[in-house]
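Right, one structure below, let's go through it.
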């Protein structure tokens, strides 16, 4: 319960997620899901969702999943593939942990559109610090 | 001159770049530079710039550089490494073309802070369509 | 049946797979599995399997899966994460297709050890040519 | 001098590099170069150099460069792009350090053919252990 509260406060502190419109829907040990309702300001020059928006939504889920074990995790390297251009509706991101040791952890995040089609796949690795999350959110 | 004008209109159509605050400073055949003045809304839960912001700035430079040859280029796979957490000032992104054939091209984008320190390195590949840029911006 | 025969001949032509000791165990439309019995010559300076060996085994499965649709596919960008160092036994790679259109396709390849632990994760994208596989194997 | 000797012994212990035919030509703090004379056993099903060979050569240079600071470094995530298919001659890899802190470091490795054309670009990150190299090579 305390952990849930701590994590909720951690997530609420993400100013960029809020500015973008990304919402963390669910989270737990090693996983998280997020979503984003597409608006005009998420589009690129060819009227489809900007790659930066797809990455950012996935990154929000990645952050929630990787910071779910009580200590701070920082992203070190990420690979993302883009499969399909979309222009509207809601994007959904699901993060799951594929590997974790005391210092490093790796997550896969699938981003899909309203029809359930995969539009992006994000493979990211974090470095796990020893700093407690609680210390950060003060 | 016409090409410069076309490219300028292409860049101006990027709604997300504008929302984020990213500005394309220079562009030409196979290169581009961009910058972003950091504000409160670019920060993550630990008060440093969100990875999504660093990626997005680099992605704007990537888009300008890869769409500079007259036809539409779409991102297919990107790798990004993060080196240093920053909290303020201006971020700078420099994109250069490392390979290009009629169908594919790859770019490296360096993101640095005001002190000139490298904070991220982005390696991205595009698929080059035959659609003229002019057709898109109508 | 003819397709199976063609694919078998395609796989048999891979001189490096044979030199390495990698064996394609199963293959079909959009998937493939491969394995490698570890030997002394697969080790690096710290007596664990060389990253190049893990990548190469995954790459063999990636090649079989991505060339399974009748036309030649060439790798354009790959990301690989390494999770665990192993020194002996057999490595297993499983490739599955996560996205495919007429020009591009993306595959995830999981590499595991004899205990079933994930030791690497490979996310790779190919460019799909129009050249028939049969034309290549003459 | 002692360091040079230690590093030479570290490099000589790489059984897979020897089996593949990869040779470390030069090395120093944060850099290394390697080369490989192409032979029949380096080819794939379409008679060009196997992606696993290009990766492996780059990985040998990556290993030498990242282990050049006296302590053991292990690869955690790598991205590689492939630009050009070659079938013979010698491949050359040049590794340079782009970022390093006490726990993590990132390297770019360029792989080129005899004509100097870039055929692959490798961006790799290591986790830096505290184990001295000397302890490993006993």
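The chains carry the letters A, B, C and D, assigned in the order they are written, with residues numbered from 1 in each.
Keep this in mind: a residue touches a chain if its C-beta (ideal position, glycine included) is under 8 Å from a C-beta of that chain, and two chains touch if they have at least 3 such contacts.
Owing to the predicted nature of the structure, the values given are computational and were not obtained by experimental measurement.
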Next item on the list: Give the label of the chain whose average Cα location is farthest from that of chain D.
Entry: A
Checklist line | Interface numbering overlap (same over half, different under half) for chain C and chain D | finding: same
Item checked: Length of the line joining the C-alpha centres of chain C and chain D, rounded to whole Å -> 21
Note to self: Centroid from C-alpha atoms only, then distance chain A to chain D, rounded to Å. What do you get?
What the structure shows: 33
Note to self: Which positions in chain B are in touch with at least two other chains?
What the structure shows: 76-77, 79, 81, 106, 125
Item checked: Partner chain A, residues of chain D touching it in the complex -> 76-77, 79, 103-104, 106, 125, 127
Note to self: Could you list, by residue number, the parts of chain B that touch chain A in their complex?
What the structure shows: 10-11, 13-20, 40-46, 50-53, 55-57, 59-60, 63, 67, 72, 74-82, 85, 136-137
Checklist line | Residue numbers on chain D that touch chain B, as the complex places them | finding: 79, 81, 83-84, 98-99, 101, 106, 108, 118, 121, 123, 125
